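Next come the structures, one after another.
Next, two complexes with chain A in common: one pairs it with chain B, the other with chain C.
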Partner chain A sequence: MKQSKGMIVAFLAPAVVAFLMMFLYPVTRTVIMSFFQVESVTAKTDAWQFAGFNNYVELWNSVTFRAAMKNIMLIWLIGGIVVLSLSLLFAVVLNSGIRGKSFFRALVYMPNIISAVALATMWKQFVFVNANYGLMKGIWKTLGMGNVNWLGTDMIFWAMLIAFCFGAVGYYMLIFLSGIDRIPADLFEAATIDGANKPRQFVHITMPLLMGTLKTNLTFWSISTITFFVWSKMFSPLNTDLTTVTPMVYMYDITFGTQGNVQRSAGGGAAVGVIMALMILLIFMAVNALIRDDGIEY
Partner chain B sequence: MKKNVQPVSLKREAKLLPGYLIMLLWLVFTVVLLGWIFAASLSTTREINMGKVLGFESGLHFENYAAAWSSYNVSVYFMNSFIYATCSLAFIILISAPASYVLSRFSFPGNKLIRSCFIIAMSIPLIMVILPVFGLTTQLRLNGSRVTLIILYTFLNIPFTTTFLMNFFSSLSRTYEEAAAIDGCTPTKTFWLVMLPLAQPGIVTVGIFLFLSVWNEYFMALIFATSDRLRSVGPGLYMMVDTMTRTGKLGGLFASVIIVFLPTFVIYLFLSEKIIAGVTGGGIKG
Partner chain C sequence: MKKIAALLVALVMMLSMTAVAEGTTELTYWSMWSSTEPQAIAIQKIIDEYTAATGVKVNVEWMGRDIKTTIETAIDAGEKVDLFDDDFQRVSQQLGGKLTDLEEMAKAVNYDDFAIAALPAAVRGWASSLKAIPYQSYSSGILYNVEMFEAAGIEAAPATWEELLAACEKLKAAGYAPFAQDDAYVRYTYGFLLARYIGQDAVKELVINGDWAENEGALKAAQRIEELHTLGYLSDEVPGTYPASQNGLGFGTTAMVVCATWVPNEVLTNTEYTGTIGMYNFPSVEGGVDPNTYANIGAQAFGIPATSENAQAAFDLIMAIVSGTGDSMLAMETNSLPCDTRNTEWPELLAGCKDAVNAQTGVYDWNMGLGENADIDATLQTNLLKLFEGGFTAQQFIDAMEEASK
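Moving on to the complex of A and B:
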């Protein structure tokens, strides 16, 4: 086929420009900015003052930022375990041959298409505020948590995490499902003929062949939790609170913040961004080193 | 497995019972959650506070909806979300489809580099780009108009969409282009008249997905749509919920949640298969 240079350039240029303007330029500038003392986001570069690692040191000394880091790690770890195991469970159940597979699949994914603000309000009001009445009271009592004040300081973080996990499961379930779909059916048939039961098939066939999918899911999970924002806003009382603050909320407060009690620092906000990006990179490298899916051919 | 209806075999179904139970539990919870919110949206604040939502003792209070609709600019929020979603969707496809066609069809120096750049861009968190982007739009005096958000949503989604559509273009047979070339069609014309229409299933899939994600987007809308005139449904609903919680108008609060929930829910009822295909088709190596 004939290739025309002009066409290649014309077709690619807008997309490449978008990449340069929306990703390469901002990322570079954010990294540089994190080493400068910059008060306002809109400050001209002449007003920047080199500050070395000062912004990072200040973040480290900030009680709020340390709380935010602790929260985001808990969300990543505990939420990750809950969401990924639930979504794997659902994927396996849906693939076990039950009726109504596509209905249940659509049902579990549904929270993902609802505005997070709406979903968070529903959960907050029905499951937690309403916890003393009717059906929810019964459920919490059965679970032995009848007297828990979910929106109090002790529990609000967990209330937020539970509600967030409910909405997140569907997405990861879909990706696990597509991973399971790609495993050839004859592997299971052969195992059945050889007398392996379902649990054994899961451990020896499904799990090893799902490692690549697990890797994808872990990466997506990390990227999406790092930018945890709306849910924290929805579950915070009037102002940012130590119990629910996340790095993204902290960044928003110190750069765009409207509250008078926060010292404005765009340089500090940039440093938060760099730390988050480094965490994603670190997780990505760890996942690649720990989970190996090469060498299996099917 | 094809969708052939299996004869009911009790033994077989009994084995699947735990699976059915798990799914039914989830179904019941979701229905009760939505049902309660809907019932609450038709109740008075007093009934909600007393936990008597399903009784409707004082009748159905549709005025909650009227109050939520008229005391806030819900229709403006809807219109804005619609404008943001449709305009950026059109631009995304217009920019991404040609790029992804060229990347999947032609070999030229830099092809691999551009692909890798797009894949890396998909994993760059928003927090890493938002500050300079805000600085840039301020400098260009773009803030305070809808154009800003449309451009940003467009640019932000190009790496994902381009990568997504590459699968579709590379699965199309080259015979179409050869036939078009014999008939004297230039490569550029071939793309717009022959290849783009052929990629339509992929474009529709990714399009619905993009539409919903822009419609529900919160963080960028919060930063760039600061006036009431520009606000989209995410931050708009946040404001409504916030005020109504403070003023204790719980009925109106739930009514506004339902108002925002319904349009996406209706879209989902009709297009769930397409939307699900949009999730599993992108970003996953096959």
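Moving on to the complex of A and C:
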């Protein structure tokens, strides 16, 4: 069929214009803004003052931003190991032919359909509060952890991470499950006939064929953790503190100000945004370089 | 058929244009409240009465607290917003330059004659002129369970730190934990102590310049908190997860909390406590510069964007909310302080706070100025939590702040 250039342009134009307006323009403006001293997000460009890398230097010198970076790295690394391991384990177990697969799959996934605000409130008020009405008070005592102040400065980060991981496992489990479902069953049958037990099948069949899925999960995990915000706000709702602060929270605070401090720096906020985007890009490139899934066809 | 439809559409458009031309004023109000909050319900009632009396239609957008992230963009984008509200410091300082100057309109209704003087004074200080009209004000001090004070034999509200310690001892002997402290307000308590020792201006200088190790008042204020901890005057769960600790006032376990006039309402809502919660002013300290009559006073405030074409109508609506029967109804239905000084009747729940508020002579900013330096805000919060937990001594707290400020 003969293609008309006019038609191609006409069909592409709405999508291209929408992309340029909704995505490219804000991204470009944010990157440029990060090199300027700008008070408010909507400030006119003639009020911008060129500041070179000053916003980035100030971030580097900020105790709060450094704490936020440390926190997000711990969430990404430790939370990532826990969440992806547990979700893979659940996916493998659910795929091993156990009875009630649909029920357990729904059960593990259920926290994902509950609002993060409700989940965080539940964890804070009924699990971790050790005063008057902590549901787990008796259980912690039995476990010898009755005196642990879960929401004190030493433990609140870990309490937040545990609660977040609880809510995240189901989502990644579903992706792993779909990856495992795609592996042809005859591969496992052949391996069983050849005498390979379940762990060997997992190591030599499931894992190599799940590399693409693992890559997807790692990318999704990185995006969701680098933009970590709601859980931090729920665990330190009225005041930002070093133990729970993340780059997104820091960006929000400096872009819009806080109660009692109305100073703002939209340029600084933009610099945080650029750093976060670079982090995701870097992780994505590292994951692509380290995990190869193009060698096996099935 | 098409022609008839087109004619009908044209007719409807003409009719609607005629209605506008006839002078039906329509105001658009972006509100910081969510539609189900008591404040929103009370304001809606006032608006309904205002519309019935004047014929001015008011379209309300209940935006909730996220208004702080959207209002400036809306004003800059030329969105039709005739009035909005938010925290009075934010409205004055962040948006003052984009708002209508209300001095002349305020003068015409003698606004300063009935407003709580400290509130418009603060707005003028931040925005150089009256760019916002405060309402729904609050004041601060030490809120206490009156029954526990009586049971412990405390006859007069403590005016000095020594008297406060004596009261704590009596409360402890009577089986009550003297002080509650929630995580959200650790800077509030420390801010009060610090401002009593060195005054609010010096507090701001301290957080900006960071000479913590050199500042005797900073150490003394931290020592007072350490003292409360060492003497066993803080309840077991301090610092609690807001509002867990302050709820102790309603559960009958804890006698006092440093906070503001919204506490009685919160305690009532959370614990269904029906007894009296009183308030006395935060005590003075030995060698301090500020008396016990200085307190943090604050409010929400209305602003009118400079782009509004209905500034006078918007101002009139604001006056209906912040004065006379509107202000009284808002105070009564939301258990807050009236902003019109002619409204001498207070909500019953706040009766125990009235003497303290009326005795106040000086005004502090939020957290007594401790939030002046955004860079160390989170560090200060964390280190104060450790001080209240007992994880830091007063000296360790000062050392940590000195280190963070370098």
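Descriptive notes on the structure:
Note that in this section the second predicted complex is superposed on the first by the 262 of 298 C-alpha atoms of A that agree within 3 Å, B and C clash if a C-alpha of one lies under 4 Å from a C-alpha of the other, contacts with A are read in each partner's own complex, and residues count from 1 in each chain.
Convention: a residue touches a chain if its C-beta (ideal position, glycine included) is under 8 Å from a C-beta of that chain, and two chains touch if they have at least 3 such contacts.
Nothing here was measured: the structure is a model prediction, and the numbers come from that model.
When both complexes are superposed on chain A, chain B and chain C end up clashing with one another.
In the superposition on chain A, contact of A:63 is made with chain C only, not with chain B. By the touch criterion stated above, A:75 is placed in contact with neither chain B nor chain C. Once the two complexes are laid over each other on the shared chain, residue contacts for A:253 go to chain C alone; chain B is not touched.
Put simply, more of the residues of chain A are touched by B, taking chain B and chain C as the two choices. Contact with chain B, but none with chain C, is seen for A:277 once the two complexes are overlaid on the shared chain. Contacts of A:42 after superposition: both chain B and chain C are touched.
Of the two partner chains, neither chain B nor chain C is touched by A:88. Touch criterion met: A:4 reaches chain B, while chain C stays clear of it. Within the superposed three-chain model, A:240 lies in touch with chain C and out of touch with chain B [touch as defined at top]. By the document's definition of touching, of the two partners only chain C reaches A:153; chain B does not. Once both structures are laid onto chain A, the chain C stretch out of 62-70, 80-88 or 278-286 that overlaps chain B is 62-70.
Residue overlap on chain A between the chain B contacts of one complex and the chain C contacts of the other covers 41-42, 125, 130, 132, 256.
Per the touch definition, chain A reaches chain B in the complex via residues 1-4, 7-8, 10-12, 14-16, 18-19, 21-27, 29-30, 33, 41-43, 89-90, 93-94, 96-98, 100, 102, 104-110, 113-118, 121-123, 125-127, 130, 132-135, 171, 174-175, 177-178, 182, 185, 212-213, 216, 219-220, 223, 226-227, 229-230, 233-234, 247-248, 251-252, 255-256, 266, 269-270, 272-274, 276-277, 280, 284.
In the complex of the two chains, the chain C residues touching chain A come out as 68-69, 72-73, 76-77, 87, 89-90, 93-94, 183-184, 187, 236-237, 240-242, 244-245, 247, 251, 365-367, 370-379, 381-382, 385-386, 389, 391, 404. On the chain B side of its complex with chain A, the touching residues are 1, 12, 16, 18-20, 22-23, 26-27, 30, 32-34, 36-37, 40, 50-51, 53-54, 95-96, 98-99, 101-103, 105-106, 108, 114, 117-118, 121, 123-136, 138-139, 152, 154-156, 158-159, 162, 174, 177-178, 181, 186-188, 191, 212, 215-216, 218-219, 223, 233-235, 237-238, 241, 250, 253-254, 257, 260-261, 264-265, 267-268, 272-273, 275-276, 279-280, 283-286. Across the interface of their complex, chain C is touched by residues 40-42, 62-64, 67, 124-125, 129-132, 149, 151-154, 236-243, 245, 253-254, 256-264 of chain A.
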